[in-house]
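Both of the next two complexes hold chain A, though its partner changes from chain B to chain C.
The block that comes next holds the complex of A and B.
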């Protein structure tokens, strides 16, 4: 079904309503019930999704194999949880292991970036001829904005920003991400000095009327998206302080690091505090096909400092009770060390690190073999992680369904199950 | 280890004598003083020695992680080795037998990137990711001196010809000369071409340093990085007049795929040999005259070279390369349906006049 296609048939809408009224599926009905929505809202669960684009090496981070054929030059170090070791490149993070949960049994399908980035962030559901939403858009749809009314899904990233509608897939552009390129607010966000508050209000009212006019007889997705973007801008106009570098103390700048990942994780924390439901922070440049070990020495050391500062703050502010933290890439990196001393793409056996709400603390689930070339025991595809994250956020992913213009769709791969070992 | 039945035959300046495939990838190689032994530092934590019949002696397995760096004495039959877990060792070769003199598994708290023996072989210097420069007595392994190199990440070091100073190179494209007796910095050399900050990755570094036999020239190698991640970049060698500190020339390759000059050695006062490794399948062995701006001889059929050793007074070379087809996304299996590790072919070459 083409989601952009205009459909003027009222019968179609009626039949959808009837379908909902008569549907016996608890999840689909439950998802849209006011009581269910209210229950979710009260919890105000939030997500910090840290995307290390290109693929962090599991062997130089969460699943080291020191002194083995493919182990590389680095050691494993103990953490503050007995028996759990991670790479020596993560000394600060190792002191937060008692708050973390690591899954070492990821085994996914795609070893190319072009397929992997999308499929991992969309949860790689069964192919039903529709484009599933990224996890950020999914949470935005399923949980909506937090009480503060801030945009539900923001993406803090290097380079350009803007409104990224493609993340939303079949949910429609309303559920896309608002991206803060280089951690800055969108261009022209501040109200022009020549426009008074009163004049701005009049303009908004006029725009709302035009929106209503435009909506008549049209599929709502595009007009809803436009309205949502204006509403987001309105909210963000009230929180321009979040973006002001003058509000970053020298101490915080030092703790998080001055590189973009550090600055963006700091801004991400501020966004969570301001009431953003889902914050994605992307760091690029992790595709270390060459000089992997010097590369990870530089990259992971910086990640370690920034991530540990974030964990310090979330812990100190008791935010880990409500915030789910996820660290992920599109895949791991090959055990085999190539001639350029790099590691290539490796979806076969890799790791995801997490912390926060709904998860056990200080736990490792899953295991790879001695050389890190295979998962030993049960492996987990990305669909399992989607179930895990939804469960951690209090969503019943086994029964919840999306409504794609009448087509009920599971929110996560129905053949996969949550990694229950890490769920609280 | 097994001998390769048939090896490529480069034309011109070199003649291939033998190729020996190691069971592991190797990071470093140096000939013993008399040229009878090639000492190799390997990624499986072992030191391997090949004798002049190209046979492997029993490997030495006292290191951890990678044996990253090797240096052989120019005064006697001894060698030092450093590993990525901070271990340092010193061995003597006596009548074909290897004897450990000492081993300090905690010489550093980080990855030892390079060691260098003084010209009089009394001292081994080391630099590591713990950002410390340390000097140890070769006699008993006792620490003679140390100083912090906290301003940057050291990558390589080399004693000056008179052993009075030590040159340390770093990730950010700088070489610093330190006085051995007190650790004071004497002067610096600019090599910023070797560094790039790409997104949040510090890329590059001065990977190798060598002095000419007469002590008048210092050369250093690395690459001019254009990207992080894949780490593409052109090979670069810089040559300095040691006495004046003046840069004499920068010799730059032409392909972004050739990558780092991982090792370079002077053959005599006017020529040097270097090896490079870049994108898998790329990298070269090449020869450069100090008065010229381009290599006068290049051998391209040894991919991903990580070390070159010069023996028998400049008549013999050993080049540590990497097997072909060393890269690939996903679980690339070999003919026996096994997931293979890569290895280093060691090419022994005779230099033709």
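The block that comes next holds the complex of A and C.
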């Protein structure tokens, strides 16, 4: 583990306790038990969730079908794992296959963006009349902030940022995402210009002292929660360096690429190092209904460079032991090529690429038929992937439940099971 | 049937008038119930005048008290000054506005706002309209231009599409079940509730049947209309596929029978396809709902409101969570809830009276602080912490920093809508998420730390708190004024000492730093 990731200051325990307090679990082994909290804390696992919005084509990435009816113009290339081939648009990534796990048997339900983006990221659980949290909010609830006390769920994306509470669903706004629009910090994060650093420290210390006074003779939970968010604000504020483009070396800029996804994955890596539990990086523009092949030539090539740089860094820093990397979209793309040389939405048979924490290395699980139109053998809905990710992170998703004001809710679809083939 | 109910409520009035004799007012009865359950437990002392005044001002006026109000209250030596203060506040325009704010937040759950709806609420609370009358007006929906009031907003807003989603009829049925009956039937939409024995799918569907033919005509005017309801709603459980049916029915009550009009006579105003007019049917499920739900035959109706009012005043429901009234989740004080529901009904659903009695109890007026270990919240033996809404917080910050326009005595702080929107963004929940729990967010912390609108209030311009503090020679006196203006109490000697250190360290900006710290403290940001 990187030195930066270690921080043992006492006050973070408060926020952790706050995070754990509303969590329920089926069976006798309650998550309230300190032993359980301790178990998770020791691992300090993290997630890098890369969302390719609009739908990356599985055929031009993880599941190529060269020389078939729908295969398109690109070839498949060997990877550094014997027998596994991926698209030639991913040459750099192919050299990281020995660290990766690909599931080629996704078969999900939604073929519209508006429903799919939501349902896939919420794990499409059984409808119980509640809005489930996005995976980032779910992890933020189930695992809490890391030791460093940074916010547990950040979202790096092009365009606008802000506090995105809708991701949290029934968990409530504090489990929402902090979005760094175009990689910039949210409103009010940088210290106001009218307040010097010195005064800022004095006022925060004074505020915390007032809260200590307030707590005397009262239940501590609410003022502790307030202090925890002020601490978190402080932690994030101390890391404004993360947002400063001047701090990106020319070499890193070159390695990751200067396009949005490159800059944002680089920032994402730094957020992981700073101790953010769950980092989501979104790249838009993957909905290639027209001119799919030129589109993917450009998009996947950029992705390849940025993603491979990320994998290099995570590997070099020995972070893959505790960071789960996920590459996903709301669906795949049709094998059939439409009249505009495009591919449309195809939830029936597509892929998810992963790497790191809790997963086998250099493995492909599941397969599609020769034309890539359907899954051959067992297929997996998104619920399976949620179970897989939770398992990889050491969470027992078969028995874990949220307690939504007395309504017990499984954390993932109870009829689905993890893809055990890829679990270490 | 109706006659019997009427008769029984008359009996009830007589019965309770007898039990509520001159010796024991309702607030005393409440204390007796609470103390009985808390036997053997340590109990907090009754709050001193300033603690009471801060709590009651926040609860019933929506803001902290001004320095002048504090002085006046302390100077008042009459024996029942608290009771008198409560009644005066509740009967005032400001009191009605605060109730309207609370009611709006808790019944609209930040779905949206409408000036006519606000006006309706304020007027209704100012006139002290009985709750059954209000509920009836709200549930009726605005179905003709002649209905002038904004009561229809509750229904019309919920019949709007939001984003690309279709109209959430299930959500409307759920909200009516939750907010008017205290029963969250969402799990019973597709099958009988798996854990709550008495929440049946037929209950959900019965409620749903009141709304299935309702549609929004015009969001702006809140106008809704109904299509013809001529047959029962068919449904099946997702587990057992057998077909069932129900007409409109309030859970626990009889089904409303759907009249069988001869063909051609179903309409009050017949449809006119040429004008794309769908007609006005004679049978209106909304009308039926507005009559049957807020009725003494429906005990859930009064139990729910009593519990919500208890939550409003005491900070936690007797039944908690508020939306889960059922046998498996009994009230912390079952007999008290029964009793309150009955007297509320017997008192003709008089909301102001109920709030006033609750607030006059010792239970309400206990300190939030205890020397001994604090017992669990549901014993109600100390003042529970309550969340401040964005509205309460903004008004309180303005009062504390001396930004309240005092030119118009008797009027409440007013502020630009844009400023309130900023506070709502930082402190309110997202739409559809009830604000019934205390929740601090990172966004709120950053807002208090750095938002220019907050920092601007700390500038020493004429009349502001910081300007006043700067004029005081004796720092100790300034510290006391700062504490009284924000936390509505004097500082302890220990607090004075660490405040003096802060002043020393912060030099020229000392009072800005002092006031900021007080405003950002949990003590300021909670009602307690």
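One rule holds in what follows: the second predicted complex is superposed on the first by the 356 of 424 C-alpha atoms of A that agree within 3 Å, B and C clash if a C-alpha of one lies under 4 Å from a C-alpha of the other, contacts with A are read in each partner's own complex, and residues count from 1 in each chain.
Everything that follows uses one rule, which is that a residue touches a chain if its C-beta (ideal position, glycine included) is under 8 Å from a C-beta of that chain, and two chains touch if they have at least 3 such contacts.
All of these numbers come straight from a predicted model, not from anything done at the bench.
Trainee: After the superposition on A, what does A:158 contact: first (chain B), second (chain C), both or neither?
Mentor: First partner only, chain B.
Trainee: With both complexes superposed on chain A, which partner does A:149 reach: first (chain B), second (chain C), both or neither?
Mentor: neither
Trainee: Could you look at A:394 and tell me whether it touches chain B, chain C, both or neither (first, second, both, neither)?
Mentor: Neither chain B nor chain C is touched by A:394.
Trainee: Kindly classify A:181 by the partners it touches after superposition: chain B alone (first), chain C alone (second), both, or neither?
Mentor: Touch partners of A:181: none, neither chain B nor chain C.
Trainee: Which of the two partners, first being chain B and second being chain C, lies in contact with A:91: first, second, both, or neither?
Mentor: neither
Trainee: Using the touch rule from the top, collect the residues of chain A that touch chain C in their complex.
Mentor: Contacts found on chain A: 114, 127-130, 151, 163, 165-166, 170, 172-174, 176, 178, 186-192, 194-195, 199-200, 202-204, 206-207, 209-211, 213-214, 216-219, 222-223, 225-230, 232-233, 236, 405-408.
Trainee: Note which residues of chain C are touching chain A in the complex, please.
Mentor: For this pair, the touching residues of chain C are 163-164, 170, 174, 184, 186-187, 189-190, 195, 321, 323-324, 329, 368-371, 374, 377, 385, 429-430, 433, 437-447, 449-452, 455, 492, 494-495, 498-499, 502, 505-506, 509, 512-514, 516-518, 520-523, 525-526, 528.
Trainee: Please name which positions on chain A make contact with chain B in the complex.
Mentor: 54, 66-67, 69-75, 111-112, 158, 259-261, 283-291, 294-295, 297-299, 302, 334-342, 344-348, 373
Trainee: Touching residues of chain B toward chain A in the complex: what are they?
Mentor: Answer in residue numbers: 24-25, 43-45, 64-66, 68, 84-85, 111, 129, 153, 171, 198-203, 205, 228-232, 259-260, 277-283, 303-304, 306, 321-323, 326-332, 339-342.
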